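Below are two complexes that have subunit A in common, paired first with subunit B and then with subunit C.
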Partner chain A sequence: MTKVVITDERDNCLSVVKGPTGAEHRRLANEVMQRALARADLHIDDISYIVATGYGRLNVPFADRQITELSCHARGVASLFPGARTAIDIGGQDAKCLKIDRGRLTGFVMNDKCAAGTGRFLEVTAAALGIRLDDMGNVALKATRKVPVSSLCTIFAQQEVVALLSRGEKLENIVAGLHDALAGRIGALARRVGLDPDLVLTGGVAMNRGMARAMEQALGCAVLIPAEPLLTGALGAAILARETCTRALAEGQTLHPRPRRMEEATFFGTEEQ
Partner chain B sequence: MTRSIGIDIGSSYSKGVIIENLEVLAWHVLTSGSDYRVAAGAIRAELLRESGLRDDDIARTAATGCGAETVGFAQRKASDMVCTARGINRLFPQARTAIDVGSQSSRVIKLSPDGGVTNFGVTEKCAAGGGRFMEVIANVLRVDLAGFGTLAAKSKNPVTFGTGCAVFGETEAITRISEGITGADIAAGVNRALAGKIASLVRKVRLEEPCVICGGGALSTSLVKAVEAELGCGLLVPPQPQLVAALGAAIIAAGSGAP
Partner chain C sequence: MSSKASGLARAREVYSHRAQRARELKAEGSKILGYPCAYVPLEMLTALDVVPYRTCGDIREPVTEADRALPGSFCPVMRTCLDCALKNRDDFLDGVVAIHSCDPQEKTARVWEPYTDYPYFHFIDMPGTVRPEALAYFRGQLDDFRKTLEAFTGRELSRQRLAAAIECHNRQRRLVRELYELTRPSPPLVTGSEILQVVKALMSLPVAEGNDLLAGVIADVGNRSDRPARKSARLLTWGSTLDDADVMQVLEFNANVVMDESCGGIRAYRGEVKLTADPLEGLADYYLKEITCARTFRQGSLSGGAKDYAADLQSRFGYLKSIVRDWQIDGAIMLLVRYCDPFAFEMPSVKDYFDTLGLPSTYIEYDYTAGALAPLRTRVEAFLETIS
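And then the complex of A and B:
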């Protein structure tokens, strides 16, 4: 998904929009941006500075700067939870654990190599069990015990859960076992950078209440969850953009934003640092 | 005259053979489905029907594969490693290395001259190391495994997959198709990725020729070629590569091999 957050000079959110990214080269950033502007009753020229982040950050032709999702996440999480020292972001294609010190990223580990350590694990097994991904968490919370799911590979787990179901295991207990398995793997990843409280969980998987409980059990500490766990990256990008403006103003410099091109991304730009 | 049955219940396919004095009388292959017990029973019934034999004509049955425990009518269970080694030794007595590409995992077995296992390696507990990766992508490309092999053979420019994960590989394949990459190049990319994993496993246990490739994966001639290219040597392929472990089990059941 493409997320747009527009903030004012005191980091208040003026507009928040989540829209589709589109299969073909993430070309829909301009459409989502237009919707965000319309919602705040603003024009593109009213925006002082635009930071793009995420996997598709190079495909935002109207952005002034690109910043990695890691830095933006760290900044966004710290703005919502000033005491945050660790952020775990679990999405459908990767899982990351960030170490944060006063809003700055000081270290991270990431898994984008194996689906079994990401939200995709729940997505694929939910389909195999015939339940909606959105329902997985609530189903897990009804469990009376956890049925261990031993497959280390998502593909094999798919078969395993169907076999467990046909053996007569209760659906909710299997689903709880799946959450437990994923939380265990992500916990092991997170321990490689160390777990310091406060710990914040973000990404699509953070909307799953069963996963929040499984993570608390696997990590042995409380887990904080933002109201909008998908937006921390875009929020961080907006705050970093505002900070760039503030810094320029303090140093008496004028910002020269690029000419805004509100068209589709037609080429892959080069990244500026 | 000893007749025996060997049954190999794999995670995707179940295989069975009847042998009489080490010669194959009948064989059968079917998909394992979700109930291995049903698969095992269906294979025995089919083997008996094809060979025109009755239950009493079979001296002994041995079972192998990940579903071996479910074959209630087998007097003996044997590991798939030992069965594959025994089957290879029967077909290629000169072979010193065997590569077995199954659905769940790939194995490399070093063989002694009498068909014993001297060393082995198994891919990690991950679908990308076995034939399942091919099955997943074949499903995306809407071809069967035979069609997959034919398709891969037409490739001019195999894709390189970004991760070693079969799930992410599936997504990547779908993305590449939408970008206009041909199915041939995707299939060949899968072969190359799988061949790379198999070859590094072979190097770990040290290649000793002659080397045989068997298991369902060996049915794909383009995968065999990709493994040959990675290893830089020729591979022997049995005429029915997926039946090797079942054959080995039947030989073990007959008690005619070395202990």
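And then the complex of A and C:
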């Protein structure tokens, strides 16, 4: 997903855009940006500072600075929940547990190079069960018991699910078991950085109510979820941009050392040559 | 030597075409033995005019042949080494010397030997501890190694030859440490990626040629006008194998890696072999005790009962303390090769030790492939954001 958040000097959101990235759109950050500008009736020259984040942060030629999504999520979460000390972000590609102190990222741990600890685990197993990913959470909430499923490997879990169906296990109980497996694995990951309340869950998986409940059980504490769990990274990037701006102005520095290039992206690989 | 280049340019050339010099030497009649690990006492090869060549596999070559023999879920370094061997990529090798530094290497050797047909193959058993009885056993293993080497070359491994080889390899160790001295200023005079290329070149050349290369590199770096830029932090890397410049460049994108505690960095070059009356004793002592790989069990003291974790950490990892101080390290990256059990199990203790030094650290798993480096980059940059 590609997201744009434009804020004013008080961190109020002026424009929000989110949409699928896809292979082609990775090149077209400029178009998404134009759409966000149009929505707030702004021109690119009205924007004081732009921070790009996420895996595509190097594909945004008009950004002033790149900051990893870990720092941006931490900042975004802290702005929505000032008491947040831990954030867990579970997306389709990775899972990250962030330690936050006064709005700043102070430590983190990410999943190892494996899909079993990410949202992909639910995506793949949903397909094996023939249900929609969006329905997974609600199905899990109907469970009367949880069938244990191994969280070691997504592919093994998929096969396990098929075997459980053949054994006659109820769909909702299997789905609850899957949520439990993922929550357990992410809980173990999170304990490596430490779990201090308040704890906030973000990313696509945070929209799944079954997962929120499974996480609360696995972690043994309340889990807070923002209204827009997909947007905390972009929001954090906007706030970090505003902060950079405020600081630069206070120190009497120039804000735009180089002109904006509202053009298509050059790529990670070629940029490094 | 076919190439006219010297210094850093020559190092880059050898790094990029590792096998080229080995092929030339082979054509001139030299014998070349491969070894997959820093624990093989190369002095014994050099003393008999055998060229040691470290088999690193190929991080860019998809593993196919090795997967026909073994499951995919084990050490990716040994997997690619075995894969390249089964594909006969290093067809200039007269043989291989493997060693029981870790279980994957021992088990890989058990497949490597029967599935290839080198004229020579030797496996050295190596104890897992540094206790005195282990030293005596290891010395005996080196004596067995001597016998098979003598039979293979038809020459006697005299004390005199071995003493000369030990001096030559000690000189290489001194020169590598001298090179690392040049990363102490800020910004460093030489990048981590450049040193990595030099070290990998050393593993591809006869030791005397490697020493000439090092002398050239050190002279080059001392006179350079293109000094590396000062980046946001000075990093120490710790792990088993980090021997690919592309991976190192990802780590160095926003930081200076000024010390690399891995097999592609300083690990094999710390300390020196002492020339003892029985040279095998000095070699056994050095290889067992001085190489700081997680495969070896080290213990603070034998005192049963009283637990003193701080003293234990100090005795196991104390050598890192002066590095952190003298190289003004801002942060440590523990880069774990996937499925590398010895380093994965060592990691919590090393992290605790870094904590006692007040040094921020992070661990990153990588699977010893050069593709998909973006996740590695995100982890490194996020770590830099937490410490800057």
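Everything below uses one rule, namely that the second predicted complex is superposed on the first by the 261 of 273 C-alpha atoms of A that agree within 3 Å, B and C clash if a C-alpha of one lies under 4 Å from a C-alpha of the other, contacts with A are read in each partner's own complex, and residues count from 1 in each chain.
The rule is short, and it goes like this: contacts are C-beta pairs under 8 Å (C-beta built on N, C-alpha and C of every residue); 3 or more make two chains touch, one makes a residue touch a chain.
Being a predicted model, the structure only gives us computed values, none of them experimental.
The superposition on subunit A brings subunit B into a clash with subunit C.
Between subunit B and subunit C, B contacts the larger number of subunit A residues.
Legend: residue contacts after superposition of the two complexes on their common chain; A:Tyr55 is shown touching subunit C, with no touch to subunit B. When both complexes are overlaid on chain A, the residue A:Leu70 reaches subunit C alone and has no touch with subunit B. When the two complexes are overlaid on their common chain A, residue A:Val162 makes contact with subunit B while staying clear of subunit C.
When the two structures are aligned on the shared chain, A:Asp112 is found in touch with subunit B and with subunit C.
In this superposition on chain A, the options for subunit C are 73-81, 271-279, 289-297 or 307-315, and subunit B clashes with just 73-81. Judged by the document's definition of touching, subunit A residues 112-113 lie at the interface with subunit B and also at the interface with subunit C.
Interface residues of subunit C facing subunit A in the complex, by the touch rule stated above, are 249, 338, 362, 365-367, 374-375, 378-379, 381-383, 385-386. Taken in their complex, subunit A has these residues touching subunit B: 23-24, 93, 112-116, 120, 124, 151-156, 159, 162-163, 166. Against subunit A, in their complex, subunit B makes its touches with residues 11, 34-35, 104, 124-128, 132, 136, 163-168, 171, 175, 178.
In the complex of the two chains, the subunit A residues touching subunit C come out as 55, 67-71, 94, 105-108, 110, 112-113, 268, 272.
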